[in-house]
Structure formats: structure tokens, C-alpha cells
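Letters are used for the chains, namely A, B, C and D, taken in the order the chains are written, and counting of residues starts over at 1 for each.
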Amino acid sequence: MRILIKDGTVVTAADAYRADLLVDGETIVAIGRGAAEATADRVIDAGGKYVLPGGIDVHTHLDMPFGGSNSSDDFETGTRAAAFGGTTSVIDFAIQYKGETLQKAFENWLARAEGKAVGDYGLHLVMTDLNDAIIDEMASMVRQGVTSFKLFMAYPGVFMADDAMIYRALVRAGSLGGLVCMHAENGWVIDVLVREALAKRQTEPRHHALTRPPITEGEATQRSLTLAEAAGAPIYIVHLSASQALDAVCAARDRGLPAYAETCPQYLFLSAENYEEPDFNGAKYVMSPPLRPKEHQAALWRGLATGDLQAVSTDHCPFNFKGQKELGRGDFSKIPNGAPGIETRLYLMYDGGVGEKRISLNRFVELTATAPAKLFGLFPRKGTVAVGSDADLVVWDPSAKHVLSAATHHMNVDYNPYEGRQVTGAPTHVLSRGEVIVEGDKFLGRRGRGQFLRRGSFGG
Amino acid sequence: MRILIKDGTVVTAADAYRADLLVDGETIVAIGRGAAEATADRVIDAGGKYVLPGGIDVHTHLDMPFGGSNSSDDFETGTRAAAFGGTTSVIDFAIQYKGETLQKAFENWLARAEGKAVGDYGLHLVMTDLNDAIIDEMASMVRQGVTSFKLFMAYPGVFMADDAMIYRALVRAGSLGGLVCMHAENGWVIDVLVREALAKRQTEPRHHALTRPPITEGEATQRSLTLAEAAGAPIYIVHLSASQALDAVCAARDRGLPAYAETCPQYLFLSAENYEEPDFNGAKYVMSPPLRPKEHQAALWRGLATGDLQAVSTDHCPFNFKGQKELGRGDFSKIPNGAPGIETRLYLMYDGGVGEKRISLNRFVELTATAPAKLFGLFPRKGTVAVGSDADLVVWDPSAKHVLSAATHHMNVDYNPYEGRQVTGAPTHVLSRGEVIVEGDKFLGRRGRGQFLRRGSFGG
Amino acid sequence: MRILIKDGTVVTAADAYRADLLVDGETIVAIGRGAAEATADRVIDAGGKYVLPGGIDVHTHLDMPFGGSNSSDDFETGTRAAAFGGTTSVIDFAIQYKGETLQKAFENWLARAEGKAVGDYGLHLVMTDLNDAIIDEMASMVRQGVTSFKLFMAYPGVFMADDAMIYRALVRAGSLGGLVCMHAENGWVIDVLVREALAKRQTEPRHHALTRPPITEGEATQRSLTLAEAAGAPIYIVHLSASQALDAVCAARDRGLPAYAETCPQYLFLSAENYEEPDFNGAKYVMSPPLRPKEHQAALWRGLATGDLQAVSTDHCPFNFKGQKELGRGDFSKIPNGAPGIETRLYLMYDGGVGEKRISLNRFVELTATAPAKLFGLFPRKGTVAVGSDADLVVWDPSAKHVLSAATHHMNVDYNPYEGRQVTGAPTHVLSRGEVIVEGDKFLGRRGRGQFLRRGSFGG
Amino acid sequence: MRILIKDGTVVTAADAYRADLLVDGETIVAIGRGAAEATADRVIDAGGKYVLPGGIDVHTHLDMPFGGSNSSDDFETGTRAAAFGGTTSVIDFAIQYKGETLQKAFENWLARAEGKAVGDYGLHLVMTDLNDAIIDEMASMVRQGVTSFKLFMAYPGVFMADDAMIYRALVRAGSLGGLVCMHAENGWVIDVLVREALAKRQTEPRHHALTRPPITEGEATQRSLTLAEAAGAPIYIVHLSASQALDAVCAARDRGLPAYAETCPQYLFLSAENYEEPDFNGAKYVMSPPLRPKEHQAALWRGLATGDLQAVSTDHCPFNFKGQKELGRGDFSKIPNGAPGIETRLYLMYDGGVGEKRISLNRFVELTATAPAKLFGLFPRKGTVAVGSDADLVVWDPSAKHVLSAATHHMNVDYNPYEGRQVTGAPTHVLSRGEVIVEGDKFLGRRGRGQFLRRGSFGG
């Protein structure tokens, strides 16, 4: 099967130029001008449109167990929704529960994905029970293509790692060519604040944010960067939301340390004001870190523009308002943490980033595809438009209008945090390894076609 | 009893002027010129000499239990040695052991001091077992004049407090007008490094320093300052030794936060090179934090000069080389941590500070007496030369030569870290509450005359 | 003549204690308790009051020629008003005009002061025409007690020194033990902005501020600090008003450089909003640097509290609204620059500083008297309350109410920038060299009693 | 003419992938795999080699008048030597002399280049005589494709602009979409130091460096960044050499300002030690800014790696040692300033940058071609390997060995600053607009084929 994408503007992290693009099988085989249409099985007219690398979302939680139920998107619905939004690869988090081997966790999550995923998927490994044997086992994970490891500085007694564990994991991951992903919030302090708030009967969703103040994220971020420096290892801060945390990353990078961080659209487009929505609607925005006061947004945009933030992921972790979020009525600490976003990332970043001239078109591609691919060992197979790369491609109409809404989105969740927001810019065709899986509002892919991505070493 | 100190130069944190000084009973009653000697019972000629406030050492460990024995100076020998060095008040650390109330710890340490101390003494309370009842009990300590509380970020499983404890203690102390004193080293990381070193048979004293690198102090200092900021409370970093830690304090102060720190003479005059002394002599310098590479000294002196460091204390915690330090032959982690210094502080700071023009004469007084008194609720009773203040006074001969040596010092320990060092400047008379307790090399005081200092609120 | 000030609380930069204070002739001779009143010629009851060192204002422009007339206070009216406000010493600026020797300028200003001044006065020398001979002549000035030299980075073609002049003056002053005082605004940029504003017919007083934006002060301050660092010399930034300038000073001090700065009450209590007062009243606040937006005030208060700013002076340079300020109707650049303040400094700093708990009582004394004395070679003769010091003293009633107003002030100017402001805290008695020159609202001094202050070396 | 470059690894700022590349006429028309060789007129085998965009050197001084003679390379020899080193475009500096229009300067330099240049060339305009008419004329320059303007903060009386000129030029350039290039050294201070050195008979080449200390570059860089911030305009610092200057750029960028800077290979590979070479050989390295102490090199490499420095240019300005450099025997200030480098840039940056793993291969391309093209309005015509771009291409053999030497280089100058240095990595073919102009050691181009580059707006 040969597909010719004609007359588009090919956009990479560095370039933007008019060209035809020829896909043969799963791969991009040629980029040129005036290509003969005759040799192609199918021609897609991309005149006036961009041809982008498929988006890569390195932070998703599909089918994640939580308090008896699971996050509401599984690998099928989640990766399908991703595809509708122009994202063709995800990296999800396999969770090691207490007492389990990493292999067990890995296989558990493979089983959740296999036969379901529509696009390709990789896995990070969340380590919650670190000991000598597990430290040792990290090498086996790297060999099997799981080259990044997540630790939590929050949730004491559940997920939280102490600094000794963090330090050891950093040293080990660094020596294996792996990368530690850090959830950086000071769980100890947050726990005190949560307990105090509940004792004072401060139970509304907004207290979720008030009990996780920006300084707790700033502290943990600073600490994790210092531990990484001590360990001589790279580190990647996930879902950075607070300007204090960004300041810490910025200072580390200025000293030449291999420190990296992502933010998420929710921290760029929503704010703590959303917690004030009536009728418990604030619960829709309960996630950790929480949404921040508006002034943090400008700092994050500056970080994206200047390079202090390297990636935009979603932390997609949807729970239905009905039946799931509602569990926290009367006690914000019982609200399942997380919100949907896997489908809306490119819409928002293009409209609010490129459209509002906060970032360039090249930077948009770099943040949503190229840099994630490089950081997480997928490049150059994924993350760019280049000869020899997988034909994960998005034909993007920069002038199309689209309205974000639960009524039309493809995520399996009963609300959309951006309900009613109109954006400009939308995909018209989405290809995954040479196959058109989305065309306009039609899904042409199929359940289970997605493949596990055996990732290479950290390439920061 | 009225004592006239004639013709000296009275030095305070702000002033230096020729005057006669009249002591009546325990108190300074007049400062003037041309005082009639007839009204005095005794006249001390201070011509060509300085009249300084008695030194205050806010960090001592006298009679401290450690692994079956105790630090080698008790309250008698320790405060006597202090007096010989011009220090007339100390604040020691009462330790709450697991399961004890604060009251128990307080009384335990009072019992060690009462009937023995030669000079006056206050107590901080080391909290190692913090829970709701103990948080509550802090108020009682403040009422009894114990207005500062020490926490450890090192020694996991023994003394270490987690961040929740630290945060709660900071909030509570702040609301009570108390001050938290912090031992800031990241104990988790240090423990990993120590275990790794021992596993590699790196057992010599120098590995004590190598397993507690400056970055572990920098991290903990930064974290404790952030926790204090979150708590809205003042904080005092004890025995700051590393430039990274000073940078953190400096940044906090620049933002106007009530952050304070002391350093100690050992960090100004000794360095990691001392660990290389042969025949296990490096063990003499095993303390925590450890001595640092020489380049840290300049940073500390800058901090003393510019005000980023507010006090110089000693962390006096002596162990004999024979029989105590030697316990760590073959395993540096078994060397008792600590070194003597209660007697040598003013000698060193005058000679190496004022004499070398690194700090002014006023600053010398401020660092060794006035600022400690203000920070720890002893001012204006102690810490200055003023009408109405206690007549804790030192007549200081700026041109006297003195050699620091175990052969002549008064501390009950078999070595001196500064052995053979000649200094210029020495006390000729030391008064405690109006009584001459040291004159030249004669001790005129008596065991048990020292009083417990019921301290007031933090006055930073 | 012996005066006994009984029962007051003596306040210095370091201390505060109840004592009686005995003045004999021009000098403080004794401080004590329970002094016999019989030996005194006069007793002043200071019960419930503070006894402060007389204020020192190191930045005044008395009898300063400007465009055909002079600033409206001469040395008589100016120093008398100062005394009413508790300020007993001033340092004014002798101006070297193009072609003049420094000696000529010095003598010119001595002649303006002699026979008129009520309190003591020193002189800085403003150098506007620097060449080899003048550089050489600086030594002669230092010998005559003029140990500080002012340069302008603003007013090109009139006062402005280029960087070569500045650098040479810094090197020279440093080697002579002198101090360079810098007016730090980038005159080049300001001139462009002023010309552009006038070309656009933006002629109102507020355009004075808009054409001297904070960044122009920040730039010049940063530059002057760097030139001082290159020269290895201390520097003193006058009338610092912008947070950007303070940031530069703070960074220099953090690195241990001998960098100093003053601010003035107008930058702490007034703001750019005052330029909006109707009927050309904004002209009353036209000074350089201009009043800043309100957010700069908090930064300045922080600088005063933490020590990054060392002194508070007034830049007293009064021009009557009628006949002088009015010259600039229709062209803000013709408004005489300057405002009155010599009398109101202590009122404002006590009420808004100590009263509002932004600075301590000791710091109030340090900022208004002790530090200025030390920086400018007047200490310990002036600037403190100590045996042997000049009896320049203020008995200060901390609970007295006072209203600042042109109707009652003693400055020779027809408006008061703080008109109607009620303050708490006021002097009841003001002594200059042992003579009560102000008592309540009565002036008891006499014209011409003030003496020239031959100042010593820079003592920062 | 169609050229097929087969089997190479195409490298851009973002990508690196195996592909064939087809050039048709002056342009790249296709990139793909398995291209049919039949359609090409010529096939170049690039197996095992990189295909890079032609280098762009945005800082050269060809045929520049200096004290009676000219820099020793003209546009013919200079651009030929550039081509041998893989650089296919240069941007030289047209100089406006006092009294001239910008048009005059522009035409003067066009005349120097036309009919001579071998590769393509653009021009910056050095403005030395700025007034209202010249400010106005800047728009005409931009229309003619001269979109960048250089100013000097050094050389008072010759080239130096005062801050008013700088500010006005920044405002104007910014509003025209142009870019100001700044030579940032404080000329005032340097002049004082030079005069003092000569007065002390310090005449050797090393005094060139000692009289231009790093702090003078740090100051001017900081100032120019602040002026650009005040003007709301972008700025580009040329030949940044000192860590202090980099710190200033880094801080500006962290705040999101459009601040850019280049460094040059000489500051990365040579140091102040070179001034100590005997027999006046130090004169070979006399340039401004001067070579710095070695410790600055690490800071610059860090800046290149982290993005704080955006480009590497050469400041190529060759003078023969015999007859030109020798003019300064006995007076370093008479040594013509400048050194050769147009040919050696890529060799050094590949060997010392990529080879030593200080920068990635992509970053090497970005620094030497892509970023310069984007900053100076040549992108995407130049600076990348993309369909539709000019076929300015370098086939680069990463394993070829080459020795830098005056005996073999193509620059018209009698010495090479890197004499004898062996490097790994060298061009085998160099194409300019589709024409092979260098193949191995043969020059196949021809004098005068280079074209003037009408540049677009600043695209930072």
C-alpha cells in the first residue's frame, strides 16, 4: 500500500516546507516535489494543510485501577480518542504494587493493552516497593524496552518513595541509560494539610488545591533535582504545574544539568478558579498537582517558549463525574484524582499556543512529538517526519474550527474539562504506521492493531 | 560588691568607646568617664583592653549520652572551660528519647546541669518522637523558658524527623514565639552512601566526609527553609558548613524570610584535609556535618561578614581519642561524632576574624554574644554591655599571645583540634553576674554557681 | 553646663535600656542608673521616652542654585527645620561647576553654610568636570574632611560623567579611603524619552516619571556597581527608588562587595499616583528618580529590614510651588527637580517603620543615624549614644501625635508632600553638642552655631 | 543539472536519517530511499557520510580597511576558504563611516563583494554615525535586504555609540523587524586601562587582554540587554567570550526576553595563555574581545549545549603576522585586531564539539547553519536540508583526519591560530546552489558566482 500525501507543508521541530510525502507500507519513503501520483495507491490532498508527525503522549493512565473501579478509558477507547486528536503513540504507566516484581507489573499492563490498543504504546514502570532485588531487576526492564521508571514523592504509605529509594533508583536508572520520571509533591506536608482541612470540615473540592499549595511542588521538585545531581543522573519531572517548580528546573538547566520537565494543557488553560464551579462540578478538576492560580500560566508558557519545559503530555486519567468523581462528595480527599485530556492536547496547544503566538509551529511539533520521542527512546522511529520513520502522520487543517465537548468527544468519560471551547486547527487524516485510522470524524482503524513499543535508552 | 572596670574600651555590636564601667552586685549600673574609684570595692585596670559582653555559646552537648558512655565534658568541666575562653552562658540540648515527654527530657537535663554548672545555661529541646501530645506539650516548654526546639533531618531511625513532623513543629513553634533549630543533612542519602562505602571496605575516617557530601547539606537546608516558609515560621540552621547551604539561606533572606544560621569555628579554620592525618588521627575531626574542602571557608567568612550567617557557636561535643574515638577503628561509622571547641571559640574568631580583618570588632561581638542572645530570648539580660544588663563581662587583651593546646586547655578531652596554633588576643578577666570567675589562668568561680536561664521568645 | 536626662530608654543600633544620661559640655559623659540629680545644672525627665542619637541626613541640597534662583531652604532655615525633626547633622553637596577646582567648590559651599547653620554639617563634593588635575586634587579634599564624592550618570551635558570618569574617580576615591556617591539613572536613555515625550506634547508632570522608567535606574545602578567592582572600590548609591536597582545592590552584596545604598522617605510613602493630583499639583513630587508605582515600596521596606539598604536620607531639595515649581507648567522638563523632607524623615520612619513593625527600633536608629555616621566618617563622634560621643540627642516621645503640614512645618517651602498625614512619635527635646536647641515647638538654638564636620575615611 | 547524493545520512537541526537526496538545478527537490540513479546527471556516493546544510558564518570582515591596509582576505579568497571549510554563506559587515549615509556604506561593500565572492553573501550594516536621518534610512536598508545593524560599545571616538544611540537604534530596528548586533565591551573603561598600561610601559600582546578584562564585557552585555528590554526589541550579542557576559544573556533569556548571542571557536579552543607565546607570536591572537582564561571555555560550552548561546560564527578578520600584526611591536594597542577562522569553524566544532560529546550532531548543525539562518532572515532558503531549499550542501566524512595549518589552508594569511592541530571530520564535497564548488582539495567553483542575499526579517 502506497499513500501519497500531496502538496502539504511538512512540519518538523526544525523545518516547514511544501512537499509531497510518499508512504510505503508502514514507512515514510520519500519527500519531494511534483511526485507522480501514478505510483501511489491512494492520494491525500494536503493542499493548505500541515503534515505533522503523529503526536506522542508520554503520560497516560488507561484502565488504571483505583479504589475498586478503573479509570474510565481502557486501551481501546483511550488510544482511539487519542487518534481522533492526532496522537498516535502513548506511554502508559505500569504499576508495581507492594510485593510484586517489576516483571509482574509489566506483564499485567501488557495484558491490559494487548489486543485492545488502536495506536502504538509503550510503558513506564511505576516503582512503589524498591529493594535490592527490584533495583537489580531494573536492568531486565530496560532490556525489554521499558526504559523509564516513575517514582512518587507524594502519597505516603501508598506510592511514596523515601529519598534513599529515590537516590538509589536515580543512580541505577542513570547507569542503565534509563530515565526517572518524578511526581514531585511533598506528600508529608500535604498529608498534614489534608488532615487539618478535614478536621476543620473543609471538604469542598477547592480544598484539594488549598491543601497542595505550589510551595509543596516547588520543594519536591527542587529536592528531586538535587538528588539527581547527587546521583549524576538525568531526571524528568512529570506534570509540572507551579512556577516555583519551573524556577527550580530552570536553575538546574542553567547549570547544565540533564533536568527535564513536562507540563500539561490543564495547567495552561484551566486554573484554580475552576474549583469554584457550583454543584460539586469543581470535582471534575481534582487532579494532582491541582490547578493553580492563573498567574502560574504565564510562567509555564514562558518555559515552553524558552525551552525550560521540554514536553506537553496529558496525564490523561479520566473518571466519570457520575459514579466516580461523586464518591468524594463531603470529602475532597475521596474524589478520584485525574481528568481526561488524551484527545484534546493538540487542539489546545495549536489553538492556544501557535494561534496565540506563544510558541512557534516548529515548537508545537517539538513539544508534542519530537522531544517526547527523543527523551523516551522512540526517536527517530517516532516523533518526526523523515524518510525511514514510521508513517505516523497527521494532516492538520490550520483553519478548521472545532468545539471541544463531551457530546462529541471520543473519550469514555461523561464530561469535558474544556466543554464548549471553540478551537481553530484540527486533524483531517491521522495515519498510524501507514494506515489511515482516522479521517474526519470516521474511525478507520481497528481494536488491537497497536503494537508495544520497545523503547531505547534515554536520549536527552 | 561593686567592681569598677577602669579605662577599657567598651565594645558592643554597634559601638566601641573608652569608658569606665561600674558593676554593682550582678548588674552593670554605670558607664562613664573619670569615675571615682573610691566608691568601688575593687578596681580592675582595663587600660589598653576591650570590655566585651560574655560570650554565649548556643550549641553545646555536655554530658551527652552516646553509645554507653558520655561526651567527656560535663556541665562543670564544660562551663569552666567555656569561662576560660570568655564564654559565660551556654545553651545545651536536652534530648527527648522515644516515648518520653518533653518534660521528662527537660528535667533529665536540668538534673545534669544543676549543682555543677559554673556559668549560666539554657536548654533547647531535641524532639525525636513527635505526636499530637508532644506538639501540645511544646507550649509548656515555652512557658518554662525552653523556647527553642531542635529537629534532625539526618540519622533515620534514630533522631530523624520526617517532613510532616518538621512542618508541624515549625507551625507550632512559630505560633508559640519559639524557634526551630535544624540539623540539616539528608539522612536518607547519607545512609545509602555510608552503606555503600562500608560494603566497599572504605572504612577510614575520611569516608565519613565523603559519605556526607556538601550537596546533602545543601538539599536539606533548602528543604527546611521551604518548610519554614510554608509554615510561616522562623528557622535557625545549626552548624552550617557548606557553601550550598549558605546559598540557600542567602536566597531565603534576600526574599525577606526569617531564616537564620550559625556556623562553627571548625568549619572556618579546619578542612577535609584534616581527615588525612595519619594513625587514625583523622577521627578527631569526625563530626556531622563533616569538615569541608577548603573552598567552603571563604564562603562562610563572606556570610559572616555580610550578615547571611548570624551566629558562631561551637557544637562542642568532645570525645577522648583514647577509648572513645578509637571505637571507630575499622569502621568510620562507629566513631563518636563530635569535637571539642567550647573554650577556643573567642580566641579563634578574634584572631582569625578580627585580626585577619575578615570581620570587624563589632561584628565579632555580635556573632559571639549579641545575636545569639537576641535570637534565643536572652537579650538584653545577656549579650551586650549596657546599664541594667547582667555583668557577664570579658576583659580582653587584644595583644596577648596564646597557644591552643591539649596540654593547657581546660576542656576534659585528650586532644585539641587546633593543637599548637598560636593566636593573638585573650581574656584577662571573666565576670559572670558580677563575679570574677576567671583571672588570667586562675579559676575563681565555683561549681554549681551557674543558673538556669529561663529564656524569652524568639527575637529575630 | 551639665544636663541630666533622666529615666529614658537609651536606644542605639544594638541596644535599648533604661538609664540616666549625663551630658557635660558638648559630650556624653555617663550613662547609669539612679544618678544624683544634684550634680546636674538641668534635669530633663525622659520617663516613658526614648533617648536617641541625633539624626544624620547625608543627602541635602540647601541653598542650591537652580536656574536663576535657589532651593528655598538655606543652611539656616534648613538645619533649623532639620532640628525640629530630630536631625542634628546634615551632609550637603558642594558642586564643582565646569572649569572650577574642587577647592573652589568646597569654599563656595562653606561660605553658604558658615554663620548660618544651626546644626553641624559636612560636605560631599559633586564632581562634574573630571580631569587629571581634579583627580589629583581629590586627595586634598580628603585631607580637609571631604571624604565623599558624588557623580551623576544622568543629565548629559550638565552633570553626567562618562564611564571613564566614573571608573577613574572610583579607583582614586578607593585608594584615598573615600567613597563615591552615585546618582544612578541612565541619562542617555532618559534624554531620548524626554525629547520624544515633549515632541508628542506629553507635558504634564506625570510624564516626568514616565520618561524615567525604573529600568533606567536599574541599568545605571547595575553598571555603577560593576564599575566599582572593576575598580576594587566601595560605592554608595543615592536615593535608590526602584526594585530593579535594589536587586542589583542585593546581588552585589551577596557576593561580598562593598556596595551600599540609601533610600528616602518619599519612595517609601509616596508613589507615582501622586503625579495624578489635579491642578498641576503633581509638580510637587517632581524629583529624580521619580516616585515609583506602589509595588516598589514593599521591595524597599524589605531592603531596609534585611540590610540591603543601609541608610535613609531625604534628598531634601525644596522649591516653592508658587514661583518655582510653576515654571514647568506646559513642560514637565522645566519643573525644578526636588522636594522638601529634611524635617519629616524621623516622623515618617518611626511611624511607618517602627510603628507599622516593618523595622525594629534599633534598626530605625541604625538607618537614620548610626549607619550614615559610619559610612561617612562621623562615627563615633556622631550617630550613637555612647560615652565620649557628641551629645547630639533626641528625646523622643513614642506616643505623641503630630500632623505633618505646611501650616506648621519649619521648612521654608509652601507645601508639604505629606500634608495632613498624622503620625505617632515626635521629639520633645533636641540637643546638639550638649545644647538644647529645640524643646517642644520652641527653637532655642541660634543661627551660626553649627560647625563644619571634618569627616574621616569611609568606614563601611 | 540533476545531482543525486546517495546513501548519506541527512542531518538537520532536528533529524538524522539515511536517505538519498536529489538536487535539481539550484534546489533540493527530493529526499527518499532507493532513488533511481538513472534520472541524475551525476551521483555522489555519500555512504557512511553525513549530508549537512552548508555552513553559514554570520560574522566576517573581508576586505576590511584598517589603518592604511585591509584585512588580508577579500571576498574571493575569503569565501573560497569558507567553502573549503564547508561554509557556503557569509554575512559580512558594511561600515558606515562618519558622515556617510547607510546607502553609501551598503554600496561600498556590495562593490567589494560583487564579481568576487564564490559563495553567497549578505551584509549587516555597522552604524557609527547615528542621527535622525540615519535612523530614518534604516527602513530603506531593511527593504534592500540588510536587516541587521551593528553597534559598538567599545572604541570611543571611533565606532562607539552612546546609550542614546543604542536605544534609538534598538527601538527602530525592532519596529522594522530588524536585529541589532552588539559588540559589547565597555570602551570607556578599556581606554583608561590601555592608557594606564602604556604609561607603565606594559606594551606586550598580553596586555591587550589584561586591559580588556572580562568584567568590561560582562558590564556592556548586561547594559545592552537592559537597553533592549527597555526598547522592547530583540538583540544579538556578537563574539561573546566571557562567562560574565553569558550569565547576563542567560538571565535575560530565563525571563523570556528575545536575547541572542554567538560565540566563536577561538573562545572555545584558545585561551589567554596563547598571549604568552614567545617572539611576539602572542600578537596573532590579538582580537577584541581578547582570548580569556581557560575557565571561561567550560561556561561557553555549557551555553552552547543548553541553548543560551545560539550560534557559532568566526569574526574572521585576518591580518598577516608579517607586515600587519608586526605594526604593534612595542605597543600592543597598535596591533591590528583580528584573526583568521572562516575555514576552520566546522572542523573545530565537529571535532571538539560533536567528537568530544559536548554537543550533539543536530546541535552542531543548528549552531553553524540553522539558527544563524533563522536569526538573520535566510531561512528556509538556507540553513537546512529540506525540499525546496537551496542546495547548499556539505558531504561530511566523520572519520576523515585533517591537520589545520597555514601550509595547507586556503585563507590568505600567513599563520593559522590552530597550527598543527589534528581534527577528525572533514568535508568531501561542498555544493552551493546545486553546484559542486569543492571536491576534496580541489576548488571547482569560480570567482564571482556568489550572489547577494537579500535577507528577510529577524526570525528569532
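Just so we're on the same page, contacts are C-beta pairs under 8 Å (C-beta built on N, C-alpha and C of every residue); 3 or more make two chains touch, one makes a residue touch a chain.
As the structure is a computational prediction, the values presented were derived from the model and not from experiment.
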{"item": "Minimum number of chain-to-chain contact steps, chain A to chain C", "value": "2"}
{"item": "Contact-richer chain pair (by C-beta pairs counted) among A-D and A-B", "value": "A-D"}
{"item": "Approximate Å spacing (C-alpha centroids) for the pair chain A, chain D", "value": "40"}
{"item": "Intercentroid distance (Cα basis), chain B paired with chain A, Å", "value": "51"}
{"item": "Residues of chain A engaged with two or more neighbouring chains", "value": "none"}
{"item": "Contact graph of the chains (line, ring, star, complete, other)", "value": "ring"}
{"item": "Set of all touching chain pairs, with the criterion as stated earlier", "value": "A-B, A-D, B-C, C-D"}
{"item": "In the complex with chain A, residue positions of chain B that touch it", "value": "156, 162-164, 167-168, 186, 188-189, 191-192, 213, 215-216, 218-219, 222-223, 226-227, 229-230"}
{"item": "Contact set on chain D toward chain A in their complex", "value": "10, 12-19, 22, 29-35, 250, 253-256, 302, 305-308, 366, 370, 380, 384, 386-389"}
